[in-house]
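Structure in structure tokens, see below.
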Amino acid sequence: MDKRLSTLAEAVSRIPDGATVMIGGFGGSGAPVELIHALIDHGARGLTVVNNNAGNGHVGLAALIEQGRVDKLICSFPRSADPQVFTEAYLAGKIQLELVPQGTLAERIRAGGAGIPAFYTPTGFGTDLAEGKPVEEFDGRSYVRERWLKADFALIKAELADSHGNLTYRMAARNFNPLMAMAAETTIVQATRIVELGGIDPEQVVTPGIFVSHVVEVADAAQEEMLNRAEAVYP
Amino acid sequence: MSDIQDIKLSNAQIAWRAAQDIEDGAYVNLGIGFPEMVARFQPEGRQAIFHTENGVLDFGKAPEKGEEDWDCINAGKKAITIKPGTAFFHHADSFAMVRGGHLDVAILGAYEVAQSGDLANWSTGKGGVPAVGGAMDLVHGAKRVAVLTDHVTKTGGPKLVEACTLPLTGVGCVTRVYTSLAVVDIEDGHFVLREKIPAISLDELQAVTGARLHLDGAVGELIAPEELA
Amino acid sequence: MDKRLSTLAEAVSRIPDGATVMIGGFGGSGAPVELIHALIDHGARGLTVVNNNAGNGHVGLAALIEQGRVDKLICSFPRSADPQVFTEAYLAGKIQLELVPQGTLAERIRAGGAGIPAFYTPTGFGTDLAEGKPVEEFDGRSYVRERWLKADFALIKAELADSHGNLTYRMAARNFNPLMAMAAETTIVQATRIVELGGIDPEQVVTPGIFVSHVVEVADAAQEEMLNRAEAVYP
Amino acid sequence: MSDIQDIKLSNAQIAWRAAQDIEDGAYVNLGIGFPEMVARFQPEGRQAIFHTENGVLDFGKAPEKGEEDWDCINAGKKAITIKPGTAFFHHADSFAMVRGGHLDVAILGAYEVAQSGDLANWSTGKGGVPAVGGAMDLVHGAKRVAVLTDHVTKTGGPKLVEACTLPLTGVGCVTRVYTSLAVVDIEDGHFVLREKIPAISLDELQAVTGARLHLDGAVGELIAPEELA
């Protein structure tokens, strides 16, 4: 019952070609950059990636796309300060895009984690993004039916972790991370610090260990924003 | 045949047997009452993590009398304690764990279990005040749903039946039944006998079972520690 | 922008006859006993109450029922060590009961708070509690459609609160409280301690203030369990 | 008529006008870009609480350059700060606030607003990379959805129209539009003119509006602080 692994390489080693991988973060905050880089090194291809964005610069998710590993991206906002990598791949027809409203994306992932196969939302009703989806009226208002979203793997960035996988997050780096941790068959976490069991107050656990498969300490985790300001490129 | 009351396993022995199937690191929810006894019998070297519906994971044992903190209770409203690794969360997150398939095992009691895997354990159908709690969520959430039960009712009637007569808790959800006489799997709409206590013959066991017991290879001997009798 | 009120009486004074009131707690843990007693004093009748249980002994929710104020109870488990008050009222036909599986109850309340009018759950499929509800198959499995649950008022017990209504909860007293806080038009909180703004770490807020209308400090809040062991009766 | 470019309000002035309608204690989400300016103009004595989609409520102003913490950003990925009262939460909770009707006001930009309240603000329909973010959630979540926009497009075409021609963000969701020339409510499928800048006549305003402007009582004078021009 010790979920700690010593290397990122080991943590991502079982991600096969064609896997669906959720990657936490909103822009650079909460993005598990080192795990993504380990996934690049690992070499899996043909991935479907779920992330709010489409990467920035030439590190993290952008690098994964640049290396040609992503067949499909499910996201809400594939634009950013420097989304050149995704934009080029998309306009060249090399990557599919499923565009999902941000709140619907969050709720679909939460539903995947919570065993709710479908739910109704007012979001998107009457728009192109609801095309083909069932519509139902409740109490005189129209709603779109959306399906859960699950993944084979989730790559998560946490602040504190213990050996059972209990997690906390730093500030707004929380974002999609706790949701994706729930919605994947295998949830792999990079934590800035692994503390002893009991080192996280039980009331302050944000992601209980039941949602976590593996934990790796990455003490000096990079901020994607800082990498991009330094014009870093991976690999 | 000897009187079943004399040869049958005690509740503690049934719980002990169920505990042997819980793997190291498994996340487990134990129903209120008799199933809670399973926690006592974790095999040496294995550590299960227990979940309780009201929002606690990996809790510790009951506090000493007089030491109870009534903000720290389990689904049975009994006082529990925290230990290193405990996490608290709200009810929606708790049932996300249940419904979302994150629990490895849920172990519940039963009024009746059908060979289809249907379970009836929440209502005797006799009026009074109905109460369901989390049972209906648990039976459709955990990866494995097992039942602990006496093999027969207090009046000697079968609890393993062709079809439930009492209101259902869930449809086709149970995969293994630990009884006071046997271990029975449910596969493809059949009861498959895996183990039985040595003191009862196959015919005798079949006679107190409400549906046909199928065999699939050897039937193991169900022997529990005598000190739990 | 100061949500603090000085008395419980003031906090519950606008709850009208016939209101739907969610009451936090699981058994006695997290039960806002003092708020319930203030509601009894206030006198509103014909209430629909949402709670996991049906009260215990002769205090809190049991007392509210005993005083004849509750027309209908929506709950998962109206049995307890001493549910005599509810049992008698129910068997005498004086109170209606809507029995809901516990996880479905939690999710319906969360859906109410999250603007999800309906969702599908495997829970209850094929049982009496799903009678009359739409059933749909997703990926070969059958699910029941459940509706959101909202309330006019929620009575919540928190541990810490600040003047903006940010809340924390003590141990397992959290249970339904954060969900109900989201699902009511007006959310009234009794907190064991009101701290200055900034007195709760932003990462440790469990219920953000947006879900909270009023906060009252009840420093010496009673534990329902202790009241019942002392055979207390209210009023 | 004077050239509209000479008489129209600046973006800051439009944002100022919108800010005057935000009540004390309101929970507000401001769209990325131009709408963010609204936060600067909270009237004296009123305190709005700002929400950002990526999980922060009641955040502080932008940090000094060089003091940014890139774990503390807003939906526009700009650095923000915490202050007493700030709360962090995950994305599902954040959009529960949005979708669940807990925000008092959402203020967004627009390509087109129709007299039905339909809004188009996410796609020019011209190809390229589409991106929607949280706009579709916000327009169906907040109790009041307002739009800030220039009254006409860069080429002088109307942005307030009978029916949107661009892909919709939401159907019948906008109730008030703050433009560079006027304040317009949407009621029962009509534009109702509430205020206009003194420098433009009713006829001139109608001429640059793509659907009929209805009147309902007096039209107020829309006068914003000159220093914001």
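Chains: A, B, C and D, in written order; residue numbering restarts at 1 for each.
Note that in this section a contact is a pair of C-beta atoms (placed from the backbone, for glycine too) under 8 Å apart; a residue touches a chain by one contact, two chains touch by 3 or more.
None of these values were measured; they are calculated from a predicted model.
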Comparison of A-B and B-C (more C-beta pairs in contact): B-C
Chain B-chain D separation of Cα centroids, rounded to whole Å: 57
For chain A paired with chain C, centre-to-centre distance based on mean C-alpha positions, whole Å: 34
Between chain C and chain B, distance of the C-alpha-averaged centres to the nearest whole Å: 30
Chain A and chain B: spacing of chain centres that average the CA atoms, whole Å: 36
Touching two or more other chains - residue numbers and ranges from chain A: 107, 110, 114-116, 121-122, 169-171, 174, 202-203
Multi-chain contact sites of chain B, meaning residues that touch two or more partners: 82, 88-89, 92, 95, 98-99, 140-141
Contact pairs between chains, per stated definition: A-B, A-C, A-D, B-C, C-D
Of chain B, residues touching chain C in the complex: 53-56, 69-73, 77, 82, 88-92, 94-95, 98-99, 118, 123, 128-137, 140-141, 167-171
Touching residues (chain side chain D, partner chain C) in the complex: 24-25, 27, 47, 49, 51, 57-58, 82-89, 92-93, 95-103, 140-141
Chain C residues within the chain B interface of the complex: 26-30, 52, 54, 76-81, 83, 86-87, 90-91, 97, 99-107, 109-110, 121-129, 169-179, 206, 223-226
For the chain C and chain A complex, residues of the former touching the latter: 107, 111, 114-122, 136, 138-139, 141, 143, 147, 168-171, 174, 202-204
Chain B contact footprint on chain A (complex, rising order): 1, 110, 112-116, 162, 164, 166, 182, 196-199, 202-203, 205, 208-211
